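Take a look at the structures below.
Look at the two complexes coming up: chain A is in both, with chain B in one and chain C in the other.
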Partner chain A sequence: MSLFLVSLRFQLRLAPRSPGTLQVWATAPLFTAVFLSIAEHAGRTDLTSYAIVAPTLMGQWALALGIAGELITEERSQGTLEAMIATPCRLSVVVVGRICAVSLLGITAMAEAWLVAGLGFGRWIAVPHPFVLGAALLANAAAMAGTASILSSLFVLMPSARIVQNTLNYPLYLLSGVLVPLSTLPGWLRPFGRLVFLSWSADLFRDALDGAAVSGPAARIAVVALLGLSGYVIGALLLARVLRRVRRLGTLTHT
Partner chain B sequence: MYPSALHLVRYGFLNAVADFKATYTWRSWLFGWLGRMFAQVLFFTGLGRVLDQPGAVRYLALGNALMTCVVDTMAVVATTSGERRAGTLSLLVASPADPVWVFVGRSLHWPISGVATASAALFGLGPIFGITWSASQVPLVVLLTALTALGTYCVGLFLAVVVVNVPRLRNVVSNCAYLAMMAFCGVQVPVGFWPRGIQAVVQAVPLTHTLRALRAVSDNRPAADVFGPVVPALLTAGLWLIAAVVTFRWLVAVPARRAGTLDLSY
Partner chain C sequence: MVSNAEQGPVRQEAPEYAPGGSAATDAIVVEDVGRVYVDRRSRPTREVTALSGVSLRVAPGEVHGLLGPNGAGKTTLCKILTTTLEPTTGSARVLGRDVTGQSRAVRRSIGLVFGGDRGLYGRLSARENLWFWGAMYGLRRSRLRARAEVLLERVGLADRADSRVDTFSRGMKQRLHLARGLVGDPRVLILDEPTVGMDPVAALDFRALIGELRREGRTVLLTTHDMAEAEAVCDRVSLIDRGRLIMTESTDAVGRLLSGYERVVADDVPAELARRVEALDGVVAVRHEAGRVEVETEQPSATSAVLSVLAGAGVHRVSTARPDLGEVYLHLVGRRGMAVT
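Moving on to the complex of A and B:
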């Protein structure tokens, strides 16, 4: 636990100065403006919550995926990856702690989106279910860290993580209903979307910002947490396997 | 005898081709990049499906399909500032040849890739959303896509020159620039939706005009509606290129040479 907290604190110190964080903070208001303008132009003020939820999840995921890739690349380029791996600490815990930090930081994108909706479009969104939203945000941040850690192991093997990072974003946003509910996707695609924690998080966030009662919030938050935990377990197993391989081949710094 | 501007652009372009080959294989471009861009078009168009507004899906699909070439082309900001990371910027500035023309050729692979991406989106995805083209419209669509890519390339070159001294911001600047274009230039909603100040500013962006022309082609409107916006698109593209050249020569290279800081502010 202390290793997790140390990693989280370390990344929280680094993140505010990183270009990746700056990019999310700079782009979240623009994404909000894009989505809100579409809804407002069509006279669909009821879709304002969609325009707040999507930039939040997109920002968090971009940060999580970014750090999952850069973490390994940067440690490798600084020559500290071997030292990290040589220590008795579990690398997977360090990875998850650091990704968790940026996922939590990414929640600030929701505050930005909320402000853009209010100041820019005069749509001040109430939060009728603050506890559901708070719990969902925390579970989502944890799930994001767990899921993104799967990719870290992949990035150990790859010379450049950038292309994968660039390629994965939009297909995942589309599949998991980050902007619009999964019901708008073709029927055969929806079960795949349900396997991604983002689809549960997006629905929960939208419901928490809606006036109607949220149905089964605890169970849905548990699904987000469970999917995140599955991601972490898969990520940890993959990372251990990949590290065994690169150690045996002596290619840790070459790949 | 020093090489002419045309030679420099050509040498730069050869670099661009090599760079592109090092970045993508045809498989990773087709299934990775193109797949990603198709997903982006579907993502933004998806919001149109819940709007219950006639024509919304078609409007969004056309705008976002053309937008893919803008996204692709804006990578010029990253590759130009890459010269500094690679340590070759000082050599370029020190050489008797004008580095601006090297920069002009250096990232030409992005607008070419952009035209291919947007054409695939317009002709491949378009029909799913009711956007169909007759055979006689196809050359015009490709031409307007190419004009969009080249106009955006000039905007991107200007931004690249501006951030050449702060390369860590290259992705922030290029992403914000294309998102601002996506928001305000008529991609998602008509330009008239925005306040007058924004409407005036976006007239300086080539995309605003080329997209208007493309929508006119798609709606089978008269030739004047199609070719009218081409003039301001060309004009604004030329002005952005001039701005890039002037900014690099007088606001970046000369002060950095004098101060000897060309490689220090990274």
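Moving on to the complex of A and C:
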């Protein structure tokens, strides 16, 4: 079992005892109801897939970003961060494994959103491309972990990085077309949106819920994975650099 | 608490340390290490010297005590040796590897044990904790599980292996700490105040376990401000105060070095007589309370003079004794007690 899998399982064991991790299951149905109500009010029943995809991705991303910062803060306060740094393991692998666990758990939010649409609004959405959806969900969970791990290095460096964490969510949702299609954004902003893995994931999810054939699913899933991998590499490099810095400054245990 | 089951291979007897031996063969070599913290949170920024010119060598298989009051620099030295902190000046090597340049190799050969509640996952069981920490040292699958079981048995927690750690007593947590420190089968163990907060019985058990580690040939660096603990388990002790190493000697030698020190205790001594005793040459300290006087001397002739004066004044309830390590320590670092400077 690799260190990645050990860390993933470790976080899965912690999850039922961490109420913060479970918040996605409380917020996803509410967001779904809000989005569906707006779509219904506007007479845009064609946006039902948006109302399912958006809460899923928002919940997953909030969870991933939350744990990326929280795990460093918690490890630091309970003294385990220092003990971990004193082991030969690669902290970046531990971090990404643990974030991956919660982003995988967050996938269940999609089932919740789907049920809310069906039971609450009578809109039972078919899943005509289950394999594309499944692969996209897994790639997206991994990409989330990789990208969110960048934030962990920030938390090692600055214990007060929570403000950055809190301000990252909604701009990213907008930029990545999770809430509204990228095509509705100003032209100059769209290329930036394509650099965010979430925009590819959101499109894939919506296409997988649509009756039409999904164009180039493998390539698009590969883009999600590659963007996530890039995030992981950046996060790992940053973390290594930050750890060298805090060792030099002696600020590892600062809270 | 200590089980005989699966204690691991007995490597060698603890060696006699030969000062001047090869630095290449020493388990821990600290050369002129200094550490200065810059407090950037204060205005203006200020520099705090935690360690200054510390040199120390610990032989393989030795149990070495690092003694000092709070704030003396013990934990800073531990952090440097466990690679979580870089020295500002000087160098340190563990099993021949530099803690700065070869930090990953150093981490493979060390185990770190904290004191107190920190360093464990309270929401997980003891077994889950060891699985996780074992994985940090590269252990996998059956080897990891077997190692966890051996250690749980060894530290007497096999019966509570599936209990959440936050339900454990302080002593049980400390035993789990030690198991965590041993999970990577390290040749060098750094124990930072391992018995802090333990009750006396648990502390005795813990000392027995350290004895086992010595018999296995592991090198142990133990920080403490408990003199009795250092006397009970250490081959040698280093006294550290305000970031400076005052001396390194065998526990016995420290006593011999200070053999000139004696303590005279007498009852029914009036205050005026106590003042006369205090004025004698060679008397370094006098404590007088409710008629009882405790006199510390730094040479045998002074002890004789004190006894003569007391006898001459008709005081007959008198006793003398050698100082314990705690008193030796206080002689060396001064009587500022355990105050943080």
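The definition used in the following text is that the second predicted complex is superposed on the first by the 251 of 255 C-alpha atoms of A that agree within 3 Å, B and C clash if a C-alpha of one lies under 4 Å from a C-alpha of the other, contacts with A are read in each partner's own complex, and residues count from 1 in each chain.
As a convention for this text, a contact is a pair of C-beta atoms (placed from the backbone, for glycine too) under 8 Å apart; a residue touches a chain by one contact, two chains touch by 3 or more.
All figures in this text were calculated on a predicted structure; none of them were measured in a lab.
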{"item": "First (chain B), second (chain C), both or neither touched by A:Ala218", "value": "neither"}
{"item": "Which of chain B and chain C A:Gly79 touches, first, second, both or neither", "value": "second"}
{"item": "Touched partner set for A:Pro88, first chain B, second chain C, both or neither", "value": "second"}
{"item": "Which superposed partner A:Arg248 touches (first chain B, second chain C, both, neither)", "value": "second"}
{"item": "First, second, both or neither for A:Ser37, with chain B first and chain C second", "value": "first"}
{"item": "Partner chain(s) touched by A:Arg13 [first = chain B, second = chain C, both, neither]", "value": "second"}
{"item": "Touching partner for A:Leu3 - first (chain B), second (chain C), both, neither", "value": "second"}
{"item": "Doubly contacted chain A residues - partners chain C and chain B", "value": "none"}
{"item": "Chain A residues touching chain C - in the complex, by the definition given at the top", "value": "1-3, 6-7, 10, 13-14, 17-18, 78-80, 82-89, 94, 247-250, 252"}
{"item": "Chain B residues touching chain A - in the complex, by the definition given at the top", "value": "23-24, 28, 32-33, 35-37, 39-40, 42-44, 46-53, 56, 60, 168-169, 171-172, 175-176, 179-180, 182-183, 188-190, 193-194"}
{"item": "Chain A to chain B touching residues, read off their complex", "value": "19, 22-23, 26-27, 30-31, 33-35, 37-44, 47, 50, 163, 166-171, 173-174, 179-181, 184"}
{"item": "Residues of chain C defined as touching chain A within the complex", "value": "35, 37-38, 79, 82-86, 104, 107-108, 110, 112, 114, 117-124, 128, 131-133, 135-138, 140-141, 180, 184"}
